[in-house]
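For reference, the structure is listed below as structure tokens.
By written order: A, B, C and D. Residues from 1 in each chain.
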Amino acid sequence: MNERETEDLAPTLEELRQRLVDFAAARRWEPFHTPKNLAAALTVEAGELLEIFQWLTPEQASAVMADPDRAHRVRDEVADVLAYLLQFCTAVGVDPLPALAAKIERNELRFPVPGAPAAGDGGVNPEGVS
Amino acid sequence: MNERETEDLAPTLEELRQRLVDFAAARRWEPFHTPKNLAAALTVEAGELLEIFQWLTPEQASAVMADPDRAHRVRDEVADVLAYLLQFCTAVGVDPLPALAAKIERNELRFPVPGAPAAGDGGVNPEGVS
Amino acid sequence: MNERETEDLAPTLEELRQRLVDFAAARRWEPFHTPKNLAAALTVEAGELLEIFQWLTPEQASAVMADPDRAHRVRDEVADVLAYLLQFCTAVGVDPLPALAAKIERNELRFPVPGAPAAGDGGVNPEGVS
Amino acid sequence: MNERETEDLAPTLEELRQRLVDFAAARRWEPFHTPKNLAAALTVEAGELLEIFQWLTPEQASAVMADPDRAHRVRDEVADVLAYLLQFCTAVGVDPLPALAAKIERNELRFPVPGAPAAGDGGVNPEGVS
């Protein structure tokens, strides 16, 4: 199977979002899935992803996927963050892909390439002000 | 334009991930984009999304998109969370879509439908143990 | 023993801060205790405290201490958050008590009592803008 | 003024906790101060503290207090985290000082000094499993 066919078989974000809707409905979990609860759960899971890195040096953190146990935890927490983000989007009726496309466009105006500070300019990424 | 054509025009997750790669490269921000920094930034942005809801009652939270200012903030923070999640995935070499598909499959085994506690069974969503 | 004597026996914040310094030194953990790592750990632990509440209704959340297991988790996570906050303060040389006293004074000017919105005024606590 | 007198003038944690109770009561903010809302606000503020450090190298992060603007932000966010932690403790009826003393005692048993991994043993602080 070539790469193109593999990509055709991979689920899309929308397909996964719908599977999560069906998953919650089958278990009657919708009453828990309020926007506020899902925003809290998203933050908790992002914290669990960060926990993997909290005591690592930058060098150890960059090699995190070389350790099979940590690599599994990273993939698992990425999945949890994405799951709650999609469930949050379902709960509030936001389509995350156009939301991100619009944000990138705003950031292209906000951080024009020529004037953008380089990495060595003092260590504050302009994103830091967002 | 019919719905099908609209979908064809919407960016895919992979296209947005690549745009973020190009955006960071053009501004020479890659040195900042370590896995540890991006996991921290993801958590910070998730907190900013939660901040919108922190003092709202469940009823107010459910109506959050009826307020244009809050609706804009919600879309903006969803975009930020997704952006940092995609940049994190780039930094560690994880494809988020198969990671989530695999997690849903594990959860289907872990939380079988017949025995799933209903919403009224005591208020603890089994996800709470994850 | 009267209440006054009990209070005299309770540790002060400064005594606990010093015990945490000694605890880390005895285990040679100081190299991990950078300001950045401790700020990350503090956020992670705050997320673990929030996790206890994420699926609870406001009513269930208000009765959280009636459940012995949850009450133990709450006390444990409060301790973890306070521990990392004190260790962070040690790492950056900030005394948290005067820092909080100064903040309360600024907030007394910022949110004067007569004009403060009441709870029924629309659901946004002015703290939300902080 | 000698050090002893300065310490006598500094507020205690309990005095600041009571000032926060009075502050919220005067502004009729108690309805917002549920355990769940305060746990969310605590996490949000911890994230704001982390935000200061997210793009900094370990070296830059360690020098954070040399920059007056960043030093002010650090003190301000420390105060916010401590304020919400104390308000949370008020809402659930937990005294944070004995809670932390008990946790330190448990950790002294859990991480005995002789067997504690040193900093160079592989980079995972045993706290990471907590």
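The criterion applied here is as follows: a residue touches a chain if its C-beta (ideal position, glycine included) is under 8 Å from a C-beta of that chain, and two chains touch if they have at least 3 such contacts.
Remember, predicted model here, so these are calculated numbers, not experimental data.
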Copy of B-C's interface among A-D, A-C or C-D, judged by over half the contact pairs being the same?
-> A-D
Please report how many Å separate the Cα centroid of chain B from that of chain D, as a whole number.
-> 28
Computed distance of Cα centres, chain B from chain A, in Å = 5
Name the residues of chain C that each touch 2 or more other chains.
-> 32, 40-41, 43-44, 46-47, 50-51, 53-56, 58, 125, 127
What topology does the chain touch graph have (line, ring, star, complete, other)?
-> complete
Chain A contact footprint on chain C (complex, rising order) = 32, 37, 40-41, 43-44, 46-48, 50-51, 53-55
In the complex formed with chain A, which residues of chain D make contact?
-> 40, 43-44, 47, 51, 54-58, 60, 123-125, 127-128
Chain D residues within the chain C interface of the complex | 10-13, 16, 19-20, 23, 26-32, 34-36, 39-43, 46-47, 49-50, 52-53, 56, 58, 61-62, 64-65, 74-76, 78-83, 85, 88-89, 91-104, 107-108, 111, 113, 116, 118-119, 125-127, 130
